[in-house]
């Protein structure tokens, strides 16, 4: 019940916001309050049920279409909990970071909350069709957010995003339907282990599902929608877009493809791992020579997501835990970096890396946290990304040594382009004298950037806070793989 | 009986052809009324006098009048040439319609309908009422459909008013 | 006794005639009339089923009633549209009304 | 051991870490008081370290750990403390040098705009280095290994307004990161083969045969590449000289005494594993020996005093690596220990000169002996120690290494080591003679004075240690050699046996060192500039070769840097043109097809209706299933379709 409430509170919030007068000083506090509710509920769940996510208070199950075995089934598990938390958390951050939304703020928030319903729902869905419904429920709000509040290229970018990911999810739905109809149910719990399907059937069904999810992640070379969309969207949309949306794809792989079709996914594992490594290397090289700061961060995101694939393809405890954790850590750092890029672009009026320099002199907090985000992204210990990357690498290398080695080399590449970026943006002499007086992050901006940074640090030092939550779920998956 | 059938069939089909082929729209409308009357006659032969009544009242009466009104509102001087009343696709249209007719007639004729005997349908008004309200031994689905039909009529009435209402700016046209 | 097939063939032919008219006439009002003919042919078929087939339980007659109702609604709305179009475009020729093409 | 003692030992790395957070977050409030916080924390850590050393001496190694990530059967990582004799000495050295540097920095960094931040990072460095030293497993080691790299990056780039400092920091991080990646892959191999990251367990697993042969050698070489990166060994030595752009106390702490020694420490730490692969040991030895010689030659021609000392550091680290590689474990670590003091002192001396005047160029100095006597004498002591002159600290450990190479029959390495001894003595005294003797060459040099007491006190303390630190390892009373020893297992594998102290070899190495000093005097003493000048003319190509650092940096620039950039551009363009182009092209193809199909959509309602009827017929034909009807229906459909299209409205 708590879960359902947490999922649908933002829907009420959207209505509430839509009814208010369109004035920032009224809308924003209300939106903050709305966004805080799911987060508070998630924290309550963490404290009260942390070790026992199976508790009946958290799950709900109603039959919807009995003859097909489709139902409204939600519940939290270790695989989705981290992202459930992150979706609530980043929405709150996005609400704070909406300072660059100049017009129609209340529509913006209403649509953002609609997207939140979808995001929370995906991570809590325990039914294939429900998963798909929530999956698509995020698409249209995202399309609107980018298409209405983005920069001058927003329209083509939004359309590209929509068509591309819709194509992917349609193909995925084909896989879901085949699986559900053959097995006679769409409940994840009953389908776990293949729902009685044979190996060949599983292999055939796994292909469209993995492909559809790969578009969402995105896996190179299916990523070409990503740069356009990331570049066009407003900051606070970026936060959600990069922090949560790719995880719809990865959670699908972790929560659906692997446990439901263990034998079907197995033959693809070396390729998934290889594509993970490709993502890492390709993303790094593509980021390396970007002239646009935001594009660099966007491509780095592609790279970091590769570790999730690598870990997921490992089929061992270390790798899977790493992959599940990496979803959260990637979201934290990319949200942080995108907000900072937005602040810098707003202050300096440019996003060209070559035009910047010395920004840490006038904006120590912005510069410092940009450095922190970049260091986190390149997997520096003490920050959470390191933990998940190393776990993914250990697991991935265990299963696929060649792909693991290639991925490990990505460590060098990510250091190269991020340091290059830091050196040319925040370090060095001040590029223009008038930047001497640039304002450092104000209270609102600090409220948006400090929490993700703090979480990166806390999770980096105490990864067990999340690992212990997800561990039982991963062990369950492992038992399916082993037994399947 | 056979004579009646032949006469009615001829009336219905020829009047139908008249609807399609007559050059003047008003003639079409009158042919249509004739065709409806033929169908009503068939209904009588088929032991459904009530329906025949409805047919006459609604089609021959109401619909025809409505159509005539529409013609009055929309008529402009008609082309005298027969070709101009037809689409350019009249040859494929004819082929398609012929194909459809042949196919339907063929299928319906060769089908084995099993044991048939006339006089099975509801004859009295009372039976019709029972049928439409789903009472007695009749299938109860009609109760729902009946209500839906009512709602559709209501909506259609409103819609017709809304659509055909003159708007102020249109008056200026 | 007149065989069931005779009614059905008449219905089929009427339907074909209606189809032909609906496909080839330019005048929208006539097209409507032709659609009415098609509906009538269906009614005829249904009623003959109801009368001849014991298993039909009179359902054909029920459907016929419904079709009459729907046809009435359709005529009302359809002619209203024709009127509206005529007012806007000064024509009721179907082939001249192709604004959706571009 | 009791919980109290554990807490005390944990405090050694945790205190500086806390100091980092306090100083980083509240730096602006604390301001100039940052140095007191730092000194206090470091002093406490030093005292605790001494206590730990005492505990190790009396009770043996300290070992405890807490779980960090626990995956049950899936494996688990712990964060722990392993202080054996090796680590105990190391933490004392680290905390001691760190304390000295914190003291010294208080004055040196005065007036810096990021004063508190400087101390914050310095403390983070100390904490990380201590965490590295006490690590009982590879994961913890890697965590802190990276963190010290980060601190090095931040400290080299402390004056990031200067493009040179910024670029040097970047270079340092990336080059060491290459080594780190190799180390990571090495760890991955160990994890895959043995399922553990603990040093002790890997060693046991290797002994039990879980990993061996080529794979073990490969893993060890990868781990060693990590050490090569951190310790600036060939071919990853290029970052260390550039790192001199950082504040000088930083160079003393990180790039002389502690962090760069981490590579050597890593090899020593994993010695039980290394000894199981003779091939890996040989690689370590030869890389070390070659680096020692190469860096020494590069130092010969440098004019920047910090760079001379930096190359000297690379060279000395090469010595240590060589010692470990040939099996002279104790000697190698003993040298690390001694080197920490005299090299830190050399850097502090250089720092004093910078403090007094702004140039690093020794040819801008001259005559500083009279103006900066404390600096001069401490520098001379450090130089003698570096050159390995009896009885200073450097002598004892260096002699052990040279003798070790000879006794273990590595004659090539022995020859390289001896040449290096000669070169070392030459270049360091070249710098001292040019900088301190003769007459001042610039106004700044004329006005130079010794720095304030807070800076000289650490120098004097370090000078004392540069003289005396080696005395605990003399052949008369070899306390050090009796304390820090290879494990019984390693000793057994290497067949280490006691060797008598060789007076002949000792005399030889001292003589070679003195010869180097003499040559330096002959060329660079006041009034003998013409000797150096003629030598320079005669060996101009050699000079250029050495001055350009053997063209190694140029080679890297031309290959790796350019290559990476070209690849980056290629990928970017592929992404933009190729991939995105392909997607756009797909879209274009669709709309082209649509445009071609568009005439079918005539816009005529009845046209559509016609198609509906035709489709119904076709479907009906299919349903009927009669082949003839099907064929006829399709034929009719095609004919009608084409007519209909032809009849476009």
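The chains carry the letters A, B, C and D, assigned in the order they are written, with residues numbered from 1 in each.
The working rule: a residue touches a chain if its C-beta (ideal position, glycine included) is under 8 Å from a C-beta of that chain, and two chains touch if they have at least 3 such contacts.
The chain list, named the UniProt way, goes like this: A = NADH-quinone oxidoreductase subunit M; B = NADH-quinone oxidoreductase subunit J; C = NADH-quinone oxidoreductase subunit K; D = NADH-quinone oxidoreductase subunit L.
Predicted, not measured: the structure shown is a model, and the values here were computed from it.
In terms of Cα centroid distance from the overall Cα mean, chain A ranks first.
If you average the CA atoms of subunit C and of subunit D, the two centres end up 88 Å from each other.
Averaging Cα coordinates per chain places subunit B and subunit C 5 Å apart. Separating the CA-averaged centres of subunit A and subunit B is a span of 60 Å. For this pair, subunit A with subunit D, the centres built from the Cα atoms lie 34 Å apart. Each of residues 19, 23-24, 94-95 in subunit C touches at least two other chains. Multi-chain contact residues of subunit A, defined as those touching 2 or more other chains: none present.
Shared interface positions of subunit D, i.e. residues touching 2 or more other chains, are given as 604, 606, 610, 613, 649. Contact annotation for chain pairs lists A-D, B-C, B-D, C-D, with touch applied as defined.
Interface of subunit A with subunit D (complex): residues 160, 164, 221, 223-225, 227, 282, 285-286, 288-290, 316-318, 321, 358, 360-361, 375, 380-382, 386-387, 390-391, 393-394, 397-398, 401, 404-405, 408-409, 411-413, 415-417, 419-420, 422-423, 426-430, 463-464, 467-468, 471, 474-475, 478.
Note for the complex: subunit C touches subunit D at residues 19, 22-24, 31, 94-95, 97-102.
Residues 604, 606-607, 610, 613-614, 616-617, 620, 624, 636, 640, 643-644, 647, 649 of subunit D touch subunit B in their complex. The touching residues of subunit B, counted against subunit D in their complex, run 87-89, 91-93, 95-97, 99-100, 103, 107.
Of all the residues in subunit C, the ones that touch subunit B in their complex are 1-21, 23-30, 32-34, 36-37, 40-41, 43-45, 47-48, 50-62, 64-66, 68-77, 79-84, 86-88, 90-92, 94-95.
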